[in-house]
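Next come two complexes, and both contain subunit A; in the first it sits with subunit B, in the second with subunit C.
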Partner chain A sequence: MSSFLSIAAVSKRYGDIQALNNVSIDIRENEFFALLGPSGCGKTTLLRALAGLESLDSGVVTLANEDLLSVPANKRPVNLMFQSYALFPHLNVFDNVAYGLRREKLDKAEIDHRAHDVLKTVGLLDQKDRRPSQLSGGQKQRVALARAIVKRPKILLLDEPLSALDKKVRSEMQLELKRLQHEAGITFIIVTHDQEEAMSIADRIALMDKGEVVQIATPVEMYSAPKTKFVADFIGTSNLFSGTLGTGNISVQGKTLPAPATQLASGSKAVLVLRPEDITLGTTGQISGTLVSSNFYGGSSLLFVDCGFEQLVKVSCALNQVPPAGSTCHLSWSAADSILLADA
Partner chain B sequence: MALAVKSEGRDAIKRRALLSRTLFLVPGLTYITAFMLIPLGFIIAYTFLSRGTYGGIEFIFTFENYTRALDSLYIGVLIKSIFIAAAATVLAFLIGFPVAYAITKLPTNRQNIMLVLIVLPFWTNFLIRTYAWIVLLNTQGFLNKGLINMGVISQPLELLYKPSAIVLGLLYAYIPLMILPIYSALVRIDPAMKEAAINLGATPAQAFRQVTLPLALPGVLVGAIFVFVPSVGNFIVPELLGGGKTVMVGNLIRDQFLKARDWPFGSVLALSMVIMLLVLFFIQARVNRRVLGDARA
Partner chain C sequence: MHNKLGWLRLPLYGVLVFLYLPISVLIFMSFNASDAPFTWTGFSTKWYSVLFDSPDILEGFKNTLIVAVITTIISIVLGTLLAIGLARYQKSSSLEAIALTPAIFPDLALAIGLLALFTSLHLTLGLHSVIISHALFCMAFVTAIVRGRLAQIDSSLEEAAQDLGDTAIGTFFRVTLPSIKPAIIAGGLLAFTLSLDEFVIAFFTNGPSSPTLPIVIYSMVRFGVSPEINALATVVLLISALIVTIAQRNVKVQDQL
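Entry: the complex of A and B
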C-alpha cells in the first residue's frame, strides 16, 4: 500500500484538552478520504494542522515522502476549503478565484485561462463579475471550491463543505465533489460530523473520538465490521444490547439473546449489535413486543418496538408491511448477522 | 366572500404594523425635527438676510453673505482649518490603527478593558484636558523642564501657540473616535479570511494588505470622519493651544455670532461646514458599498 500523505503519531494539546492523541493515518494518492467524528473529536484540528494553520506538539507528517510540517503555510501544496467559505467580500468571483494564482506570480494570460477554466467547471462563468454577497449559498460554495482547486494542490482539504447547504443541494454537491475529485485527480480530505455524508462520499473513513482514531476503514467495512461499540453506535442506525456473555448467547437485562461465534470469553461484558435491516417481522421470533411508533423514510419505515428492554428496538420494514401501531411484533434474525463486541 | 374577509384582515395587519413602526419612530423624528431640521432651516434662512445692529437679523433679502464668504481671507481660514484637521486625522489613523489592531489580538475580556481605558479620558472635561496640555508644553512646563534637567536641551522649546500644538491637541482629543470604529471593523472580519489568503499563497504581510486592510477600510473612513469633522469646527483647542493666533473656522463662526454679532454671515460659515460633512458621509457610504458589495442586488 503506497502512502501519499503519511500522518504519523501526531499529538496536540490545548491546555487541559488533548485535541489530538497519537494520531496516525496513511492516505493514498487520489483517494477521497473522510475524517469523521462528533464535534470536538480533533478532526478539524488535524485538518488545520495539515494546512499549516495550526501547529502540532509532536509527530511527523510527510507528503510524497517529503516533510510537510516544516513548509510554511503559504507554500504548502495543500488548499483548504473553509467551512464559512471565507470568500473575500471586496473581490468579485473572478478575483477571488484568481487570488491564489496571482500569489504564484503566474503571467496574466495563464491566470485568466486557468481561472476561466475552473469557473466553467463549477458552472459559474456567468457570475464571474458578481460579488460574493450577491450569490446563493450553493454558488458561494462553488466559488470556494473553485478558488481552492484552481491552485492544483496535491491535497484538497474540505472543512464541513456541505453543512451550510439544504438537503437537496447537498446531495447534488456530493455528486459533484466526487466527479470533480475524479476529473482533477486530486487527493481530497473531507472533515464531517455527518456519518451519512462520509459513508456516501468517501473511499475510506477515519472515525475519530476524543482526539484519537478509533477505526480506519472503507464505508462498507466500517458498517459491517465496527471495531468498537462507539463505531457501531456512530455509523448507521443500530440496536445495541449490553450484557454478559454466556455460551452461544448473551444475557441482556434478564433476557437471553442468541450471539454469534466469538473470541470473547464467556462471562465477560459484551455488546450485541443488531442492524434494523437484519431483523425480520414474522409470526414467531427471538423477541416480541408492542409497536410503539414508526417513522417513514421514503422507501422504508423504521419501527420502534417495545420488547421490554430499556431502549426501544429499531426494525426496518418495507412500506407496505408496516403493522398498525399497538400491534404485537415478533422479531427474528440470524445470529450470524449480528455483531458481538467487547464492552469497556 | 371568504376571500374578501381574508384580504381585509390582511390589510388590518399591515395597517397595525405600519402604525407600530410609526410609533417607534416618533421620539427620534421629534428630536431630529426640533433640534436639527428646524434650527437648520433657520440657519439657511438667515444666510439670505441682513445682520441686525446688535445681533439677530433684519428681514432684508441679500446674497451678500455668500459673496463675502468667498473673500480670500475666509477661504484661507477654511483651507488652514482643513489642513490642520486633516493632519490630526492622518496622525490619528497612523497611531489608532495599530492600537485597534493590537486590541483585537487580546483575549475578549482584556479587549473590553482596553476599550474602556480608551474612552476613559472622555469622562474628564474637555476644557480641562486641553488646559493640561498647556501645563505640559509651555516653556516652564513638564516637558521642557524634564528635557533641560536631562541635559537634552539648554533653552526651553517653543512648543505651544503654533499649528503643530493645535494638531497635537486635536489628535489627543479625538483619537478614541478613530480607534473605536476601526476596532469594530476589525473584530467583525472573519479570522478565516486571513487564513484563506495565507492558504492561497499570500505572505502574512500580503494577507494583511490585500484582505484585512481593505475590509477595515469602512471603519477607517468612519473614524476619519469622526476625527476630521469635530476637528475642523473646533474652537477651544485653537484658542487654548494656538494662543488665538491661528484662527480656524470654528473660531470664526463663534466670533461671528458672539463678538461681531453678524448672525447671517456666521450662518453661511456654519452651513458650509454642514455641506462639507454631508459630502464626506456620501463618500464614506460609496466606499462602504464598494468594499462590502451590494447585498441587495
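Entry: the complex of A and C
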C-alpha cells in the first residue's frame, strides 16, 4: 500500500484567491482516483499542476519517489486529457494520436503499430483519416483518450472528461474508462464536479472545498461515514438537521429527534444526517407531516414531506407505495442509521 | 421573391452602380482605339502593348513588385510574432492599441514623419526607405488579422502539444503556426495589395531614381491623361482583385477549421 504519487502540502495562490491550501494526497499505483468538488475548489488547478501546466507556490510532489515538480511538462511521464479535448484541428485522427509518439522519436513501424492498437481499443480504427471536426462528441472524447494513453504514461489525468457528453453516452463512457484503466494498468486521476460520476467510477475520492481537502475515502466510506457536514451534503442526497445535542437526542427547531451514540458533548451544536433510503413510511413514526410532492426516478420515488422544519424532509419510497399528494406521512428510522456530526 | 421590402433592392442596385460604374468605364476605355482618352472610336488592345513597351512603366512595375514582396515578408514575420506576443504573453489592451494604431494613421502624417526621421538619420532615400515605411503600417494589418485568429483558437491546443512531449519551438511550428496559417496568408495578401498601390508614403520616402508604379502613373497624369493610363490602371485593378479573391477564399477555409 505504498504511495505511488505523493502530493505533500502543496499550496497555490492567485492574487486574493487561495486555490490550493496545504493539500496532501497519496495515490496508489493503478488506482482510479477522483478529485471531486464544486467549481472553484482547486481540483483543476491541482490537476494542471500535476501535468506541469501550472506552477505551485510550495509543497512537494513525488512520483515513484522521484521529484515531479522540477520536471518540465513535456518531459513528465504524465498525460492530461483536456476538458475541451484539445484535438489538433489540422491533423486527422491518426496523426493526432501519433503526435506524442513522434515526439519520442520512435521508429515509424512502432508508431504505426501503437497508434493502430490504441485506435482499435477505443473502436475508432475506421475513422483514422477523419478530421476532428467530422467526429461526434463521443468520438472526439475517445480520440483525446487514445492520444493520451498511447504514450503509456505512469499517470493519466482526466479533466472533466465526460462533462460535454449527454447522459446516455456518459454512462457508457464511464464503463469504458474503467475497462481501459483496468486493461492499460495506468493510474487514473479524474477531476469532476459530479459526485454521482465520482462515486460510480473511482476507487477512492478526495473531496475538496475552497482549496482544501475535506475527506479522502472510498465511495462507500464517503457515503456512509462523511466526516463533515459539507461531505454529507455534497455526497448523495441527505436530510440535514442542525440543532443542539441532548442526551441520546437532538433538539431541532423545537422538535426532539433520536440521535445515535456520539463522542460529542451534550449541549454542543450538531447536525443529524439522515439518508432518504433509511427512512420508512408507516402508521406511526418519530415525525410526521404532509406530502408536498414526489419525484419519480425510475425504480423509486423521492418524496418531499413537510414536517414543520425549515426544509422539506426527503424520503425514498418504492414506486407502488407512493401516497397521494397532501396525505399525512409518518416517518420512522433507526437512530443507528443516522449520522451525527459536529456543526461548525 | 415577393416580399414587402422588395423596393429596397432599388437603392441597392443604385449603390452598386455608383461603386462599379467608374471602374467599368475605365476598363471599357482601356480598349479604345482613339488617342484621346475619353472618346470611343473602336476596339483595340494597342494601349496594352504600348504599356509593355514603355521602359518607365516596366521599371515602375518592377520597383513596386520589389517593394510589395519584401514589405509582405517583413510584415508577415514581424506582424505574426507581435500578434502571438500580444495574445499569449503580454495581455495588455493599451499595448495592443499601440501595436495596431499604425494601420489607421493618416498616410500624410506618417509620410511626413517618416521623411523627417529618415532625413534626420541621414538615411539615403530609395526603395529600401519605402520598404521600411510600408512595412510599418502593413505589419499592423497582419497583426490585427492574426491576433483575431489567435483569440479564436483554443489555447489548450498548445498546452496539449507540450503535454504530449513537444518543445516550445516544436509546438509553435506544429500546432500554433498551422492553426494561424490562413490568417497569416490573408494578412500577407492584404499587406501586398496595400503596398502595391500605395502612393502618398512612397512619394515622400522614395528617392528620385527608383519610382514605384503609382509615382510613375502620377507623373504621367501630370502632363495630361494618356490612354495607356487606362490600360495600366486596369492591369493594377486586376492584380488587386485577384489577390483579394485569394485572400477571401483563405478566410473561408479558416472559418471551416
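Some notes on this structure:
As a working rule, the second predicted complex is superposed on the first by the 344 of 344 C-alpha atoms of A that agree within 3 Å, B and C clash if a C-alpha of one lies under 4 Å from a C-alpha of the other, contacts with A are read in each partner's own complex, and residues count from 1 in each chain.
In this section, a residue touches a chain if its C-beta (ideal position, glycine included) is under 8 Å from a C-beta of that chain, and two chains touch if they have at least 3 such contacts.
Bear in mind that the values here come from a model prediction, so they are computed numbers and not experimental data.
After superposition onto subunit A, partners subunit B and subunit C are found to clash with each other.
Once the two complexes are overlaid on the shared chain, A:Gln134 sits against subunit B while remaining clear of subunit C. Of the two partner chains, neither subunit B nor subunit C is touched by A:Asn295. Shared-chain residue A:Asn79: touches subunit B and subunit C both.
Legend: residue contacts after superposition of the two complexes on their common chain; A:Gly100 is shown touching both subunit B and subunit C.
Here subunit B and subunit C are compared by how many residues of subunit A each touches, and B touches more.
In the superposition on chain A, contact of A:Ala51 is made with both subunit B and subunit C.
Residues 51-53, 73-75, 79-80, 82-84, 86, 88-90, 99-100, 103-104, 133, 147, 151 of subunit A contact both subunit B in one complex and subunit C in the other.
On subunit A, the positions that touch subunit B within their shared complex are 51-53, 73-75, 78-80, 82-84, 86-90, 99-100, 103-104, 131-134, 147-148, 151. Per the touch definition, subunit C reaches subunit A in the complex via residues 154, 156-157, 159-167, 170, 174-175, 178-179, 256-257.
Across the interface of their complex, subunit A is touched by residues 190, 192-193, 195-204, 206, 210-211, 214-215, 290-295, 297 of subunit B. Considering their complex, residues 51-53, 73-75, 79-80, 82-84, 86, 88-90, 99-100, 103-104, 133, 147, 151 of subunit A touch subunit C.
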